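Labels A, B, C and D are assigned to the chains in the order they are written; within every chain, residues are numbered from 1.
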Amino acid sequence: MFYRENGQFKTSYVADQQIFPVWQDRVAIVFLLGVAFIAVPLLAPEYLFRAILIPFLILSLAALGLNILVGYCGQISLGTGGLMAVGAYGAYNLLVRIDGFPLILALVMGGVFAAVIGVLFGIPSLRIRGLYLAVATLAAQFFCDWAFLRITWLTNNSSSGSVNVAGLNVAGWSVDTPAERYLFCLVFVSFFALISKNLVRGHIGREWMAIRDMDVAAAVIGIRPVYAKLSAFGVSSFIIGVAGSLWGFVYLGSWEPAAFNIDRSFQLLFMVIIGGLGSVMGSFFGAAFIVVLPIVLDQVTVALGFDTALASHLTLMIFGSLIVFFLIVEPHGLARLWTLGKEKMRLWPFPH
Amino acid sequence: MSVSRRKHGEVILDVRNISLSFGGVKALTDISFDIREREIRAIIGPNGAGKSSMLNCINGVYTPQQGSITFRGQTFAHMDSRRVAEMGVARTFQNLALFRGMNVIENLMGGRNLKMRSNLLQQAFNIGFARREEVEHRRFVEGIIDFLEIQPYRKMAVGKLPYGLQKRVDLGRALSMEPQVLLLDEPMAGMNVEEKQDMCRFILDVNEQFGTTIVLIEHDMGVVMDISDRVVVLDYGKKIGDGQPYEVRENPDVIRAYLGTAN
Amino acid sequence: MGFFLETLIGGLMSGILYSLVALGFVLIYKASGVFNFAQGAMVLFAALSMARLSEWIPRWLGFESLLLANLLAFAGAMIVMVVVAWLIEKLVLRRLVNQEGVTLLMATLGITYFLEGFGQLAFGSDIYKIDVGMPKDPIFLFDQVFQGGILVNQEDLVATVIAAGLVAGLAMFFQYTTTGRALRAVADDHQAAQSIGIPLDRIWVIVWAVAGFVALVAGVIWGSKLGVQFSLSLIALKALPVVILGGLTSVPGAIIGGLLIGVGEKLSEVFIGPMLGGGIEIWFAYVLALLFLLIRPQGLFGEKIIDRV
Amino acid sequence: MDAGQGEDAPLAIPALIKSCLFARTILLLKLMMETKLKESLRTFTMAVALAGAALATGLSTGVAAAADAREQFFPVLTYRTGAYAPNGVPFANGYVDYLKYVNTKGGINGVKVTYEECETGYATDKGVECYERLKGKNATVFQPLSTGITFALTEKVANDKIPLITAGYGRSESADGMVFKWNFPLTGTYWDAADVLIQHLGKKEGGLDKLAGKKIALVYHDSPFGKEPIPLLQERSKLNGFELVLLPVAPPGVEQKSTWLQVRQSRPDYVLLWGWGIMNSTAIKEAVATGYPREKMFGVWWAGAEPDVKDVGEAAKGYNALALQHGAEPDSKIVKDILKDVHGKGQGTGPAEEVGQVLYMRGLSAAMLAVEGVKRAQERYGKGKAMSGEQVRWGYENLALDQKKLDSLGFAGVMRPISTSCADHRGAGWARVHTWSGKKWEFSSGWYESNESIIKPMVRAAADKYAAEKKIERRLPQDCQT
């Protein structure tokens, strides 16, 4: 089956504005959905779920959120970890303080809390730009780290600052087998991916991109930087917050503030850039790259008979070099490689 | 202002004693001139005369230290970009300020943003209203695309387009705002003859079909003399001449200022 | 009062130590527009090679003298850092010319991983010792004025002197050497510099080498203070607020910024900290920097940005 | 959304194919792969080819059965790299050496001990990945040596029915076996540590009552690990009337100037140091720099090993720290045996000169406890059989290591008796204090036992709170029989 766009004439703007104008794409996506929702849960072993798929899904959600801010609105943030923490602890507090508070709502509310904080921390972006902003957002990161250790009320007065959450229970359905947890995350991720896709296609998305590409021109065509930037911070933080609460509730189940420390922030920024700025799909590529690659490298190096220390040193080195390598081959991220691939397919067998 | 090729309306935009400086550097000193409805008003002057700064003051990119700008009777000491846009002033840029990461349609749709009402949630779920709105504005934008004859490039990233076309897209973005006043900052800079002719045609068409008032910064004297109704001449941030093309052409200061540079 | 002064002095001295790391950031950003996150890793790497070489060289050449060992080790470490700089330029920078800042930032993070991995691989991941005979014990000033006197940490004192010397040296280098001038030219405008025939690639190697040198000095000082160990690379996080507060492009900025941050965080921790339960200095430093940025978005000494359209 | 699935595909599809195969012929394929690995060249291309395979091994572990019923598999979570490597390496060496040693003695009643290391780098999610990778190979017991990983694993072990030993760290409340069925903070928790330290200070002052009006500062790693002792110390300060000053240090603790300026200002009579990794040596150095007497500093048992002081050397002379039962034991029988039977045969894991150092011994004794649990289980479920996680859990819950047995194991003078029960998963609260002589650690106190009357109720309360948060029930007495 060739991948062709020509011959598929759009007779209405609606038809032209759908997410996948090319029917082959639509087929592909349906197939992938099928695999992800049906085949994987049936066939994948526990290790794959717990060690790879679940963290991959949650982190891609966070990366997706961050991508809205960095990729679409051009505001670099290193406070992501902190916002995830806000989401997780927010949801936690709702559940421990209000009896019988529905789980899903709590997770979403976690996102809302994060959104509020995120907008607050976004205010400096109205004045500070680029790397200066990036470093400034670290203030948010470290403040959150500190707050959740020090303000014991936030952790329900646990002596150590660590918190534990009960088993997941959604309207009677207790989500505990790895497959269930995977599906649980998958639903969230798919939903938010769709939402984000819609937003970035909508005029709000164009406002973000306008600010990113040429803020003066954006102002001249009547875009308010305040609204555009802060809305980006809000939406992005919301998604990140939800991801955070999923990370706490579904993946960890019991955590210390360090689970959301600065390394997480960098890891996510990595995903976004390696995956592709300003691309929903890129967030997923990036997450896969950052989550899976080290694990594979580790297992390979160990399998090759190096001792674990040597292996992990090599892993670090190879991982680092690969990052540089990818940035050199395609500074616009894996998503760009993907689109280029599709271009090629369109033209195939003719080179140009 | 007695004789003129066309009948003009009232003064729509009135600039009074504008002075602007960065640190110590004076960019504009006590500039005053007015713009009438439906006319084509040119601002000329050598490089660094402060032409662009003038436009930047008009649509609120810069804030002048002194002076006021009156638009349809409302007077402002400093224009807020948003307000200016809402009042129907659009603008193209000297060295392209397109949204390079977006394709042609998106850039033009950007110009429609002011008119789009659907809120975040409606867009998020892409439900009825948001979708309809998107379509109807898309229709308008397609109209402009046809008008500017850039149909083939619809979905191309503007960064990839040749310079001349980018200039058109820039104009298109301004037009999609349905402006009453259109500020054009050197729309023909770096164009070859044919491109210039096209651009002139577009400008005149806009002016005649939509009755849009046009403020034009241009170096090409030929063009200026042909299409503009009145001309303001700036030099080193000062106004040295104002009037109809032939008047300005005779003005000794202008000649001095342009000695050698005029073509 | 005495204690306040003590804290103040302590802050100034830690500040200087931060500046040492910050300098590396500034140098590289000035000349190549790269926000070099690997600076921390470079400090670690330099310190590691210094520490290990000072162990190994005597063993190889079979002599005792600690001084000689240190000198040779320092020289050796310097060579290592030059090689690193050269490789980075060859393999990374050259291939990423005029990419956006973020991409470059990420590239340097990649380099960070590599250096951390390679450093531990080559030199081991235990805790090592750099002994350049720094005096460890405190001295007490004005003990007749204030009860208990004002404690001054000799080690920091030495560090301060070295840092001052380093800065002076750099200033000289930039002012009076042709390379230095070339560097400044490049910093001001790449294209222009190139057009008057300044070879960018060589300049970059030099800058990174200089940054490597700064990292080495910082590494030696921090290393003899803390012991050489992986965590050394994390002091980069201490230098970040310094860099942005001072302005990414200003050497004096790095120094002043360092002092401000140092004093700010120490005073805050000691006097405000107890009210908030302590441990606030890490974020306070950043908040401080943030506040300065809100007043001057380009940092204290950074160039002002004007939108031209 | 496109993206979502767009991404899963390359990841999932190979996985699917493989796992299908595996579902049928795991062992066969594993054999094939092992041979493949053996002959495989160490070229990157090959590595890439292997990547799939390696991942697959990972996948397979999910369903893999024990290769041999006569093998007892011990997963070893280590961190030989990163910020905490200097402390992680000796522990790992001791742990592995002991496992090797057991095999030289013919295994556990004939059951061969197998093990596999997995590098966590002290990172929680890496730790979880290691856990998931190794648990499928019939893991006997996990010992993560990290608070963060302990938290994460506590959630999982109950479902997977694998015991979790956190000897001398982790959650203090997990001593309550009625709530924490699968956790075993053997030999002591931080509350024991804090309590013993206070007892020791009391002794120095000539009676706990003499502590009244004294000022004790806690310089702690600002993390759950460092905060753990605070409640007990507060309890004690109420009880014994000393003033407690809390001084957090942001991890990793490379910058402590302000902390020690505060120490200098408030001039506490004693400083308790609750650090890990570089924080410890830095603290001691800052103490030197601010002229605080090392003799008045007392570290937790994670702040009392060679890496913490060796590069401070003479300057650290007089610094004290708690010893979790054992200290540095170069002269103990077990160390001699290991040097002879393991290192002597070129099987040693680390440098021979580090054998018997503090953290090495920590790893060694941790491994010993792990093995003894299996022995105990065998006594009930059949000598010479490989024990399942559940069976071993019973073993840990019914440990009865009296002095005689310990001596016979070569731990004479190294450890005191440990006996656990359904209610008490900790088994002992013994500790000593040792002091750095400038060259090595030397004991400077007799044995202390932590004060049950204070700790028990706190454990109980904390455990109940945990149970409430997790919405789980306390175990019933009859559950203890199984």
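As a working rule, a residue touches a chain if its C-beta (ideal position, glycine included) is under 8 Å from a C-beta of that chain, and two chains touch if they have at least 3 such contacts.
In this text the structure is predicted, and so the values were computed from the model without any measurement.
> More C-beta pairs touching across which pair, A-B or A-D?
Of A-B and A-D, it is A-D that has more C-beta pairs in contact.
> Taking each chain's centre as the mean of its CA atoms, which one is farthest from the centre of subunit A?
Checked the centroid distances; the maximum from subunit A is B.
> In whole angstrom, what separates the CA-based centres of subunit A and subunit B?
A distance of 41 Å separates the two centres.
> As a quick test, compute the distance in whole Å between the mean CA positions of subunit B and subunit D.
About 71 Å, centre to centre.
> For subunit A and subunit C, let me know how many angstrom lie between their CA-based centres, rounded off.
33
> When you check subunit B against every other chain, which residues touch at least two of them?
In subunit B, residues 61, 93, 97 touch at least two other chains, as defined above.
> Can you pull out the residues of subunit C that are in contact with at least two other chains?
Correct list: 120, 125, 277-279, 282, 307, 309.
> At least two other chains touched by the same residue of subunit A: list those residues.
146, 149-150, 216-217, 309, 312-313, 316
> Considering the complex alone, what residue numbers of subunit A touch subunit C?
70, 76, 124, 127-132, 134-136, 138-139, 142-143, 145-146, 149-150, 215-217, 262, 266, 269-270, 273-274, 277, 309-310, 312-317, 319-324, 327-328, 331
> Quick check: in the complex, which residue numbers of subunit B touch subunit A?
Within the complex, subunit B contacts subunit A at residues 59-61, 81-82, 84-86, 90-91, 93, 97-102, 106, 109-114, 116, 118, 120, 123-126, 130-131, 134-135, 138-139, 142, 173-174, 177.
> Once bound in the complex, which stretches of subunit C touch subunit D?
Those residues of subunit C that touch subunit D are 3, 6-7, 10, 14, 120, 125-129, 136-138, 151, 153, 155-156, 225-227, 229-232, 234-235, 238, 265-266, 269-270, 273-274, 277-279, 281-282.
> Which positions of subunit D touch subunit A when the two form their complex?
Counting only subunit D, the residues touching subunit A are 1-13, 15-16, 19-20, 22, 37, 40, 42, 47, 50-51, 53-55, 57-63, 78, 80-81, 85, 89, 117-119, 121, 123-125, 128-129, 132-133, 136, 147-148, 151-152, 154-156, 159, 171, 222-225, 227-228, 230-231, 248, 250-251, 462, 465-466, 469-472.
> What residues of subunit C sit close enough to touch subunit A in their complex?
It comes out as residues 35, 91-92, 95-96, 99-103, 105-107, 109-118, 120-121, 125, 237, 240-241, 243-244, 248, 276-280, 282-283, 286-287, 289-290, 293-294, 297-299, 305, 307, 309.
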